[in-house]
Every structure is written in structure tokens, then in C-alpha cells.
Amino acid sequence: MANLHLDLIRQALAEDGAEADVTTLCTIPMEQQTQANIIARQAGVIAGLTVAVATFRELDQRVSVETLLEDGAVVEPGQVLAHISGSARSVLSAERVALNFLGHLSGIATLTAQCVRALEGTKARILDTRKTTPGLRSLEKEAVRLGGGQNHRFNLSDGVLIKDNHIKAAGGISQAISLARRHAPHLLKIEVECETLIEVQKALEAEADVILLDNMPVYTVRNAVEFIRSTSPKVLIEASGCIGTNPITLAAVAATGVDFISLGAITHSAPQFDVSLEFD
Amino acid sequence: MANLHLDLIRQALAEDGAEADVTTLCTIPMEQQTQANIIARQAGVIAGLTVAVATFRELDQRVSVETLLEDGAVVEPGQVLAHISGSARSVLSAERVALNFLGHLSGIATLTAQCVRALEGTKARILDTRKTTPGLRSLEKEAVRLGGGQNHRFNLSDGVLIKDNHIKAAGGISQAISLARRHAPHLLKIEVECETLIEVQKALEAEADVILLDNMPVYTVRNAVEFIRSTSPKVLIEASGCIGTNPITLAAVAATGVDFISLGAITHSAPQFDVSLEFD
Amino acid sequence: MANLHLDLIRQALAEDGAEADVTTLCTIPMEQQTQANIIARQAGVIAGLTVAVATFRELDQRVSVETLLEDGAVVEPGQVLAHISGSARSVLSAERVALNFLGHLSGIATLTAQCVRALEGTKARILDTRKTTPGLRSLEKEAVRLGGGQNHRFNLSDGVLIKDNHIKAAGGISQAISLARRHAPHLLKIEVECETLIEVQKALEAEADVILLDNMPVYTVRNAVEFIRSTSPKVLIEASGCIGTNPITLAAVAATGVDFISLGAITHSAPQFDVSLEFD
Amino acid sequence: MANLHLDLIRQALAEDGAEADVTTLCTIPMEQQTQANIIARQAGVIAGLTVAVATFRELDQRVSVETLLEDGAVVEPGQVLAHISGSARSVLSAERVALNFLGHLSGIATLTAQCVRALEGTKARILDTRKTTPGLRSLEKEAVRLGGGQNHRFNLSDGVLIKDNHIKAAGGISQAISLARRHAPHLLKIEVECETLIEVQKALEAEADVILLDNMPVYTVRNAVEFIRSTSPKVLIEASGCIGTNPITLAAVAATGVDFISLGAITHSAPQFDVSLEFD
Amino acid sequence: MANLHLDLIRQALAEDGAEADVTTLCTIPMEQQTQANIIARQAGVIAGLTVAVATFRELDQRVSVETLLEDGAVVEPGQVLAHISGSARSVLSAERVALNFLGHLSGIATLTAQCVRALEGTKARILDTRKTTPGLRSLEKEAVRLGGGQNHRFNLSDGVLIKDNHIKAAGGISQAISLARRHAPHLLKIEVECETLIEVQKALEAEADVILLDNMPVYTVRNAVEFIRSTSPKVLIEASGCIGTNPITLAAVAATGVDFISLGAITHSAPQFDVSLEFD
Amino acid sequence: MANLHLDLIRQALAEDGAEADVTTLCTIPMEQQTQANIIARQAGVIAGLTVAVATFRELDQRVSVETLLEDGAVVEPGQVLAHISGSARSVLSAERVALNFLGHLSGIATLTAQCVRALEGTKARILDTRKTTPGLRSLEKEAVRLGGGQNHRFNLSDGVLIKDNHIKAAGGISQAISLARRHAPHLLKIEVECETLIEVQKALEAEADVILLDNMPVYTVRNAVEFIRSTSPKVLIEASGCIGTNPITLAAVAATGVDFISLGAITHSAPQFDVSLEFD
């Protein structure tokens, strides 16, 4: 679906001055051809390869790229992701933009996969959040899926998630849930953010479908889970806030029996995946 | 200059479905007004506040925002950055996009400032790179400046930087520098990426203006600096690659006497700055 | 939120050649001022007035518009919606685009309100669909709300609605529901389109949250509703297909006890609302 | 010329969340291929098939579409318009947007053709107006041509059409025509909107090229036509306003001898053409 | 109507790197304010001042600009067009883009005015053509009007102009005119390009409304005019091709009695008007 | 790299109403095919052929274009640049936009080549400026290169060029250079605009890298060059202002020994290159 991102790709090439790459224009003859490889410099999960390929070809349709694997593949350091051949000028002028996409998105997929691995043996699943980079949400959410995570809301129309500010503005948890129940689109469940056990209790009484345990210490999460399971066994439970991507913390939270752990960090703070382009 | 980013702001609001915020539409009456604060949840340097303000006002021009400090300010945890007042619906529907800008850009400014602090007492300065998020370069480069860093090239037309792939394609360091000297725009200096002392020597012989010491261990950097200073005292020296943002490593590299340390990590791997919006 | 539609407004003005309105340029002096009224020519519900106002002001910021009512108001034929004053040229050159928005969106709100009225005394509610005009969805969905209808999915990320083609591709109703249950975002309910009572039965066995009764005659709808209520009282029921906007048919379908009736016609086939602009 | 509409197509796919089609992503395996048909569900004239095809291919270039007829073809209920084959996911995720274009534009072509048929045996021709959907004018005007209608002005630079508000602002019919005659582009004729026979007489005296008889009862139209033919045989006559798409009314107006009948309804109030996509 | 050009203005500021004006950022303190004047450096007619003002304000809304005259004014060398006050950085960073608009468009208005002056004492009027700069047509056509010229077609929907290639493809002049007469929008006259007297004769026989005498020497133009006036006194006559902007040639062509002289050069080859910005 | 200009091409086609070319739609049958040639009508250097080809193909992908030479070729009057074959309608409707690109850009390349030729036998080189048409900079700068010129700054981030207004705002030449030296990106040299010998002296004392001699008579340029060469032999010298494109003036300025002559006129005042499209 890289076509849908052509505007972003073009904007990124323009932003990088790909048509005025003075180093390349000065040092490389117009007719020179090249063979090059895109190579992973670390282990991880690949995302954004499709967009990277489209970047080279948007700058110069005569560049050809042969991909050796697909987005979602697990790679080792040194592994070649793609062969590129074509005008040396075009390859050099598109390189940085293509690698910026690939490194950013593979970084997200790789960090997601690490978090998913930390939950092995539990039923908890990793969710992303709406804390994504402006303009890149659909690519970043796809990277999360490629890393084994599951997507929370794509945007504000995808679910009712009543947070503390909604509760304040609506005049209380019960009031907010009751309004949502009456007016929300009929395909959406109602999730309520709770910071204390008392709030959890109120949310259950108002028949929330999903409880978000926010910023609680692990033992409070455990208590909350036990309370919810015993009183409302069909209610789903999500933990969030202050958890981070440390595998030990993740495993501890997962062990409480929550259904989901949502992590802003996998999109907003993932370190770039190290990848390079080498001429033969 | 937030006007120049209105397209990005509008796209981010559309991407987040800000016009179809079902939670808010269901739970908050249309006429309800609110007072809220944007609050730092950690220490650091603020960037993106101007864009965040523009985001609220792009969704609803009647929302008013009073900023208590400007981009570039150093803040403590708990410090209030801005007061917001207006339609509760509008504030809630724009909140996430505004905070995504603010958190991402303040994260970059804050990490940059940490790296700059690590160099205190040396003459070395922190540079950014072109490893930025597609679509956000000018905002990210501004965040680096706000954090005390200096900008390397904004884009490919801003400098001649001859890398290993250029050298391969041009047929050697001397050949590449000589071509650049003949054809490059007359306001641009010529920088050459070197991975060994032999390459440094060749680049100096061909009269490079700036040497980029790439991926060298600290002791090799020190040798290279001594060699360059002794033979070509006017040449500028930049170190890059494998350095990272650890203060101890940064200080060690700076102690070699380089003029610049360029760090991709301050833009591509900066963790998000923690910031929240609280209703009164 | 008219700001978010400025691109569409500008595009519509360009498409209409508002800068090259030869009739106006030839016949009206540049400095001539005018007073004009926007007047409803039929009874109905107003939508798009905000966008219409923004259209005049986007062409010429010095035009001032005083609205006498807000979007959502019920009007009588002859009722004045707004006073406009400013350059006669600007008012004339923007008139058609402004009225095209206003007439199209008020047409949707008005038809929706008629359908909503037909359901009075039942618990059924009118839903829209994704059968909207390309580029205008959020405005059209807002017009539906203003007319008293409720929004179904804003887009494909807002709910799981398994249709016949999904069932074919997934290999059967049970299989499709089971896959959705496992992989769907946790805030989304699962709705299944059924054309026969057997399909309804299968969908209930697989624990669908919502049943869409598609293209059924009224007596089959009634049988299906009875069956669903008796076996799965918590399941929501939506009727759709071949229903149209005839009040008698709508009332008959509503009388079967369904929760929702979804109508593509309210967005894709609503006749334009008649509205005009008259100079004083 | 579907290329010129790629921005609109991309925007419509984004608006529908085609990249986040949770139902399809959850229930259909990534590698599953499908064969499907686009089928007319009513009789009529097809328009927008080219754009619908471009929609599938914009989402996924590997989808192939074989069209069995061209835009402008007359079809029967049940007739297959195109075979589609490719990724089941891609076909399902693009389906609604493609059909929205096809149904909307074929609805216009079909209603136009019905009106054209009502005029058979007279010399009168059906014209469209500028009452089109914002953003879709060129597609809607093409649909009118495909249905056998003729285009009135594409935009405000295409003709001088002096309406009541121009006459008020210019200070009278004669004054307005005289100004237009002096300043209008030399390839444009001058048309004047008249609501009474007295206005017709004034417009003829001022040598209008075309008379628009607006909102007149049929017998007044007949009188006006007789008067114009007897005094100014070269002047063209257009009837408009309150006519609608009823064939009997249309035939009656045509029988008065007018040259053109312009109908806003064929673009702004055409019911959607019923079309569906069925998997084999 | 500068609002309609905001996208172009923003694009031009981005293209010039106005956010990364390193000279200004390095040498001017952020808080420094300035007073500056925009000054004409030659005599001529001003166009584009409105757009230039919008450029400064799009970069920084706090810059204020007081214009001393309006677009269309005739100026002398040294005349001040506008006072600007605000951030010195903003004024400097927007200067070049603002002056590029102003110099380009005033150049067109000034050259147009010179050509118009050459025709004084004749009835001939200067027309522009569709030979405009891609993306700037409406601004350039407005500059022509400001210089006293009249606009030919804004675009391809604004008139029927049958050129040699149409005649070849249609199979002859008579055939082409006859087809146009049957199918053209009813508000458009039919103009035919003729290169010989024989073609003129054929075009008149086929009842063309306007004759374009293309690439003829002056004496042939004179003959053609006499022939047309004697046989078809209502037909309009336009001369074009190889005429250029030399006042003596223009006067000679005008003296033949043509109604219009169309000149591509006034838009495609107008030298820039000299204008500068000076700090107080 | 024509792909990067697709948005501009599409916008230019829309601006010209290429989808509503009434002349062509009325006179040419839909199925008619044609063969045509693009022919130079003067001698010069070709630029923009790639973009012109992309224009035809963007309107109709089935049009095929065979180019007989590449951008940068030197041509004689009457020389055929390309063969076109395909739908006669598509060729005619895209013709004007394609030729507008080709004529504008070849005009720039041709004027540049004339100026370059005037400098033969000297070491001086022709530079362009930032005085380009809004929206077309990268195409115009490429045309300069094709004509043998060299590019000055692409945009404001590409070099430090301290002009009179910067000097005023910074408080003097020495102050401005010293600030630039401290803060400018390390790959950029510092150029200073000087209008008198005293300013030259100050700039040299402050160690400017490049001196721009602005608006000086030739004998002052000569004096300045002698002074600079004798005191600061490594400093580059650029002459600008009031020079124009007259070959004799250019040769005289070049004979003073300057390194560069920068000319706004080659981009902002180049007359259009004459080119036409002829059907076989």
C-alpha cells in the first residue's frame, strides 16, 4: 500500500533536497551505474522496507530493487535486505530518506517484538497507543503489528475510552459511562481509565466493558484484576502508564492476569534500527 | 513560524480523527467550557510548544492558550507550561496531537541538552544529522538548536560531504575531492568521511576543508586529531558513528580535541518528553 | 471546526473559477458594497452553515457574515439564515460554492430528520453508512447527527462488520467470527451481516455481538428479531438494505423491534435543500 | 484521465481508513487471492468506472481489473461491469470507495439520460448547472455528458450569465448588459436571467445573446419564446428553475420551443445508482 | 483574494528554506525589531503587492505591513510601496520570496501597460494568452488586467478556439466549425485560427464568430481585415503571432483595424520589475 | 526526476482546464489517433523536455513520446525534439501546458548559455540567484546547469551571504562576520556583499571567505579585484548587480578577474524559447 504514502515520500525527498544533492552531482558522473545492498547492522524485525523501496523508485523509476525478504521478517546483523541497481546518483540521493523510513519503522517493530517476547507464557498482549509521530501513524501502527503487537485505537472514532479529563468534564464516572452507553456508536465498547480501586468499582457498577488500570503499582494491578475477575468475569482489563519496556516489569505486570498492556514507548521512544546501504 | 506547519498540523488532526472523537462527543455537552494546564512531568528543555498551541487553535479558533514560557525554556517536573481555556470538547479532541508534537520535540531538545552538558569544558560542539523523521525535519532541527546543539546540513544542497559510497563511485578520495573542488557551489566547504588514518592523510593531501572521523575508537580519534592539527591546522574535525549519547563516552571523544561530534541519536532515538494536560 | 475543511473550501473555489468570475468582474464595480441574506426556500434542518460562512470569508476576509441560527436548527420556507455584508464582487463570486455546501448538507440533515420522525414511538434509531460522497464524509456524517441520526462506522477501523464477501473469503460465518474474536481491536464489537435465518442462527452460535439483517422482507425481519431476542437478549439488531426512506416502510421495519435501521440513502441520495442568496 | 483524480482517490481511501480495515485484517489471510465481479443492480448509464478501477489499483497495484464495457454504456440489472482479481484483502478494503464513485456518478448519468429521453422529438437539450458537489465537478460534468446531456459553464470564467443579483448591483438590466458587452472576454456570449416578460423585452433591447427564462410557469415560457422568436430570431433560449426531472413537465417545457433546459437536480439530487461487488 | 494563494506562498517559502535562513539566524538576534520599506527601482505598474504582503505575514503573523498604494498603481523609481515593521529575522527571511512575487507580477503589468499605450488612438485592445507560468496563471492574468490588458481564455473551457492542429484532426475548417457549432457550450463563440486569406474566407463561410489572423505580415492583416469587414461586419478580429512587444509594430498592427492583438510575450517573456527592500 | 514534479504538472493541467477542453471535445472524435512532433522554432539549449513528456503522460498514460535528444542538447531552428503518438484529444489538451514548461525552461537554459559563451577565455563563471519563479526553483536551477551555468544557493540554508540589511541589523560588517563565524554551520563559507572599497577592506579584515562586489562600475570592480588578490589571495570574488546579460558588459566584467558573475536575469527575465507542436 506504499502508493498511499507517495505524498509523504515526495515530501521527505523534497525536504532532504534530493534534487540538489551537490555532493553527488559534483562527484559522480550522470551515466554511472551501481549495485548496492541494504544491510541490517543489528538483529531485529524489519518494517518499512516497502516504503524504502518506493522511495528509491519515486526519485528514479529506472532504479530496480530486489527485496530478499518481506516486512515482518526477523533478521540478524549483517543480513542483506535488498539488492539495488541503477543510476549511482539516484541511489545516493535517495539513500538517506529511504533509510530514515526503514530505520524508524524497523526500530518500532523490533522494540515491539522484544516486549511481546517478555510476555510469553502469559495471555497478555502488547497494545500500542495514539502516541505516534504526527503524519506517520498508519506506518507506525503497521510496524507494531509486524512486531507482533496489537493495535489499540487507530484514531478517536475507533473506541470509547473515557479518561480522567472526560470524567471531570462529565461530572463523574457513572455519569460519563451512562452518557457513552446512550450515545456511542453501537459497534464500540466502553473503556474507562481508573487510577484507584474505588474508581474500578464505580466503573464496574456502571457496566464498563473494559477497565484501563492506569499508573498503578503492580500489587494494585493484581488486586484490581482479582476484584474485576471475581465480580465481572467478562470485563477486559488493560494496564498502562509507568510500565515502560523493561522485560522484567512487563513480565510482572503480565503475571497479574491482565489481558493487555499498552505501551506508548514502542512508538514514541523506540530507538532507530541500525541499517546501512553499501555499494558493491 | 507555526503557520508553515499548518498542513502538517491539519494532517495530524485528520489522522487522529479529531472531528469524530466519539468519546468526547458522547460524554461532554457541546457548550461546556473548561480550564486546563499543560504540565511537564519531567525535567528538560521545551520545544514544540508553539506548534502545540497552533494545534489547539487550528481545531477551534475560540480556544485560547496562554503560554508561561517559550520554546527553549528549561523546566522542572510539575512545571506548568501553558493555561488553556475554551470548549471542553475542542481541548479534549486536540489534546493528543498537541502533546505528540510537544513530547516528541521536547524529547529531542532535552536529549540534545544532556549531550551538550557532557561536553562542557571542551571546545567540541554537538551537531545533528540528516537522520530525522520524514516530514518533521525543520521542527526537529529547531529542537536541536533549542537544546543547545548546532545544525549540520539541513539537506543535500547545504554542504559537500563525501562518504564512502561517493568515494567508491568516484574512484578514490583524491579523485572525489578534486571533482568536488571543481564543481561544488562556491559557498560550500568540502568534508570527507574517513575511517582510517590512511584515508585521513589522503583527504588532507587533497585539501579537504573538514575531516569526518567515522566509526573510530577513541584512541584512533586522538591520533587522527593530533596528525591533522600538526599538518593542517585550519582543517575542522568532526567525529561520528558508534558514539551514542552516553555522557562518559561523549566526554572522552570531546577530550581528543575534535571540533564537532555529530549524533544521529538526538533526533532518531530521543525518548519522548513526558508531558500531560490536566483539567482544573 | 471549519478550519479543517479549508483545503476543500479552497479547492471548491478554485474549481468554480471564483477568481475569474467574468460576469461579476464585468458588471460590478470593484468598490461596490452589498447587503444580502441567505434564505431557506423550504422547510428542513440546516447543516453546513458554518462551512458556507467560511467559504465567503476564505475568498475575502473582509466579508462579514452574521448567522441568525446554528447548524442543526429547524427552519421554515422563507426564513433568513444569515446576513452578509461586504464587497458585492466577493459575495457574488463565492455564492455558488457556499450554497452548494449548504444545500447538499442541509439536504442530508433534512432527509435524516424525516426518517427519524418516522420512527417516533419505537426504540429504533436511524444510522448512516459509509456510502458517502468521496471527500465529504466528515461533513456528511455531521449532517446526519444534526438531523437526529446516529453515526455507524466513520471508517474501516471503527468496527468489525463481517459481510458476505468476508464470509466467503474466510470460509464460513463461524470461522470468520472466530478469527475476528481473536484478532480484532479489543474496543470493537463484532457485527455480522445475515441474509437468512440460518445465517442468523450461525452468527448467534458464534457469539456475534450485533446482527445485521440485510435485504430481508419485513416479516422475516420480525421472525429474526423474535428469534434473537429469545435466544440472545443482549445482542443488538440492525436492519439494512432495500428499506429506503419511505416513512411507512420505515415505521413497519421499526415496529419489528430492531435497534437500528441503517440507510445509505440519507447520505448518497438526499435531494438538495433549496436555499438562495438575495441582495437587499 | 483518472490520473488527474489520484489526489481525490487517495483522500477518499484515507478518509475510509482503507489501511486500517480491521474486519478484513482480522478475517482474511494476507496471501488469499480472490475473483470478484462488479455488477449493476439496476438499469442505467455507467459513469465513474474508470475512477473505480483506478481506486482498486491505487490501493494495490497488483490488483487487476478487466472492464467489460466503457463509461457511457447502457446496462441492465444484473449486468457485469468488470472482473477483478487479486489480493482479497485489497479488493475488500477498496470496495466501498470504488463503489461510492461508481454509484454516485452512474446515478448522475442515469438521471440525465432519463431527462434526455423525455425531450425526444423536440430540439431542446438538457444542460447541467454549477450546482455540483464540492471537489467533484469535473467528474460530475463528465457524467452528465455520458448521460447525453450538455455542459453549461464549467466555472465562472466560461460565460457571462447575468443573474438577478448582478442586475441589482449593476443598476438595471440594460446597464448590466452594456457593461458586460464592453468588458467581457471576446469569446463569451452574454446570457441574462429574466423572470418576467418585461425583463425579457429589456434584455432583448440591450442585445443579450441568450435569454434564461427563470422560474416561469409553462404558459409564460411559451409566451416568452414566441416573443423572442418573433423579435430576435438568433437569440438562444434556456429555461430553468422549478422544472425538476419529471418527464411530463420536461416534455411540456420542451414543447414550448426553448433551446435548452438546465437542471440542477441531475447533479445535486440524483439518487445513487445501485451497484455491488460480489466474490465468485 | 490572497487567501487562495496561501498554498503557493507556503510552498515558495519552503522552497527557499525560509525556516533555515542560516545567515539571518547567525547574525540577527531573535528579539531584534526592524522598520523597512519596499521601494520601486523603476517606473511601471504594480501587481502582486497583495501577495507579497501575505508572504511576510504567512511567515510571521506579527509582522505588520502598511501599503501606500494598491495593485494597479503607476509608480516612479524610488517610490515607496509599503512600510514593514516587525521581527528583523522574519522580514529578512521572507524578503526574497515576497520580492520574487512582486517583481514577476509587476513586470507583467508594466510590460502590458507599455503595449496598451502603443495602441492609443486605435480601437484595438491587448489580450493575453494561455502561455503562462505553470502554477501562476490566475496571478499573471490579474497582472495583465492591472496593466490595462484584457484576458483571453483563462483555460480550455472558456472558449472555442480552433487551431491548425484541430483543423487537421477534424478534416478541414468547415468541418471543424460545423462540429463546434453543434456541440459547443451555448455561451461560447467560435474563433478560428487562419494563416491565409483563403482560410479566412472558408472560416467566414462556415460562420465563425471570431477570426484569429495568425503569423501574417502586416499588409496581409490589413487585407484580411478589409475583406472581413466588407463581408461579415459582425465578426471580431484578433491578430497574433510574431508581433512582439515593440510599440511601432504594435501600432502598425493596430492601425489595420483589428479588434484585438494577443501577446504571449506579456506573460511568458516580461522582464522582472526592479524592486527592493531597504531597512531604515 | 519528473516524478517529484507530478503535483506541479497536475496543478498546471487543472489550471488549464485540460479535462474540459471544449474545442477539442467538440471537434475531435474520441477514438481519433494522431502523430505529432515537438519542434524547436529557434536555436538554443533544451530544458524541460522530461517534464513536458511527463505532462502528456500524466493526462493520458496511453500517449507515447519518443524523445530524439535529452535535456541539455543544443538545437537548431526546425529541429524535431520528440515524436508523439496517441489520442488526438489527449495530445491537444496537454499541448499548451507541456509547451509552457518546455518554452520557459529552455528559455532559461538558452539565455544562460549565451552568457556563458560571453565569458569564454576568462576564468569567470556564471551563477544564478534565488530570484526564481515561486514554485519552479528546482526546475529553473536545473535549466541553468543545463545551459552551462553554476548554481549559487538553492535556498537560505545553503550558504551565509551577509547583505546590506543584515549588516545594518547586526551593527556593522565586522560584527556580522564575527557572529556568522561563531554560529554558522561548519560546512558553509561566509560571503559578504560590499558596495564600496572600504566595505571590501572591512570584510577582508574580518576574514570573509567570499566577497560579493555589488552594483559597482567596472573600473571599481577592477580595483577591488586587484586589492583583494594582493591582500587575500584565497578569497573568492563574485560580481553582481546592474550587469545584465549583454555579452560586451559581461566580457568586461569577466576581464577584471572575478571568479563569478551572478545574474538574476537568467532566471527572472529570460524570454521564452519558441517551440511548437505540429500534427503530421
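By written order: A, B, C, D, E and F. Residues from 1 in each chain.
As a working rule, a contact is a pair of C-beta atoms (placed from the backbone, for glycine too) under 8 Å apart; a residue touches a chain by one contact, two chains touch by 3 or more.
The structure presented is a predicted model; accordingly, all values stated were derived computationally and were not measured.
Visitor: If each hop has to land on a touching chain, what is the smallest number of hops from chain B to chain F?
Guide: Minimal hop count between chain B and chain F: 1.
Visitor: Going by average Cα coordinates, which chain is farthest removed from chain F?
Guide: Farthest chain from chain F, going by C-alpha centroids: C.
Visitor: Could you check which of C-E, B-F or A-C has the same interface as A-F, with more than half of the contact pairs identical by residue number?
Guide: Selected from C-E, B-F or A-C as the counterpart of A-F: C-E.
Visitor: Select the chain at the greatest separation from chain E, using centres from the mean of Cα atoms.
Guide: A
Visitor: Given that chain D and chain E are copies and touch, would you call their interface same or different according to whether over half of its residue numbers are shared?
Guide: same
Visitor: Nearest whole angstrom, what separates the Cα centre of chain D from the Cα centre of chain F?
Guide: Each chain reduced to its C-alpha mean, chain D and chain F end up 44 Å apart.
Visitor: Could you state the distance in Å from the CA-based centre of chain C to that of chain D?
Guide: Taking the mean C-alpha position of each chain, the two centres sit 21 Å apart.
Visitor: Which positions in chain D touch two or more other chains at once?
Guide: If we look for residues of chain D contacting two or more partner chains, we find 14, 17-18, 20, 138, 151, 154-155, 157-161, 183, 185, 188.
Visitor: In the complex of these two chains, what residues of chain E are touching chain F?
Guide: Its residues touching chain F are 8-9, 11-12, 15-18, 20-28, 32, 34, 36, 88, 92-93, 95-97, 99-101, 103-104, 107, 130-138, 154-166, 168-170, 176, 179-180, 182-185, 188, 264-265, 268-272, 277-279.
Visitor: Under the stated contact criterion, what part of chain A meets chain C in this complex?
Guide: 127, 150-155, 157-161, 183, 185-189, 191, 209-210, 236, 238, 259-260
Visitor: In their shared complex, at which residues does chain E touch chain C?
Guide: 1, 3-4, 6-7, 138, 141-142, 151, 154
Visitor: Could you list, by residue number, the parts of chain E that touch chain B in their complex?
Guide: 10, 13-14, 17-20, 22, 58-61, 90
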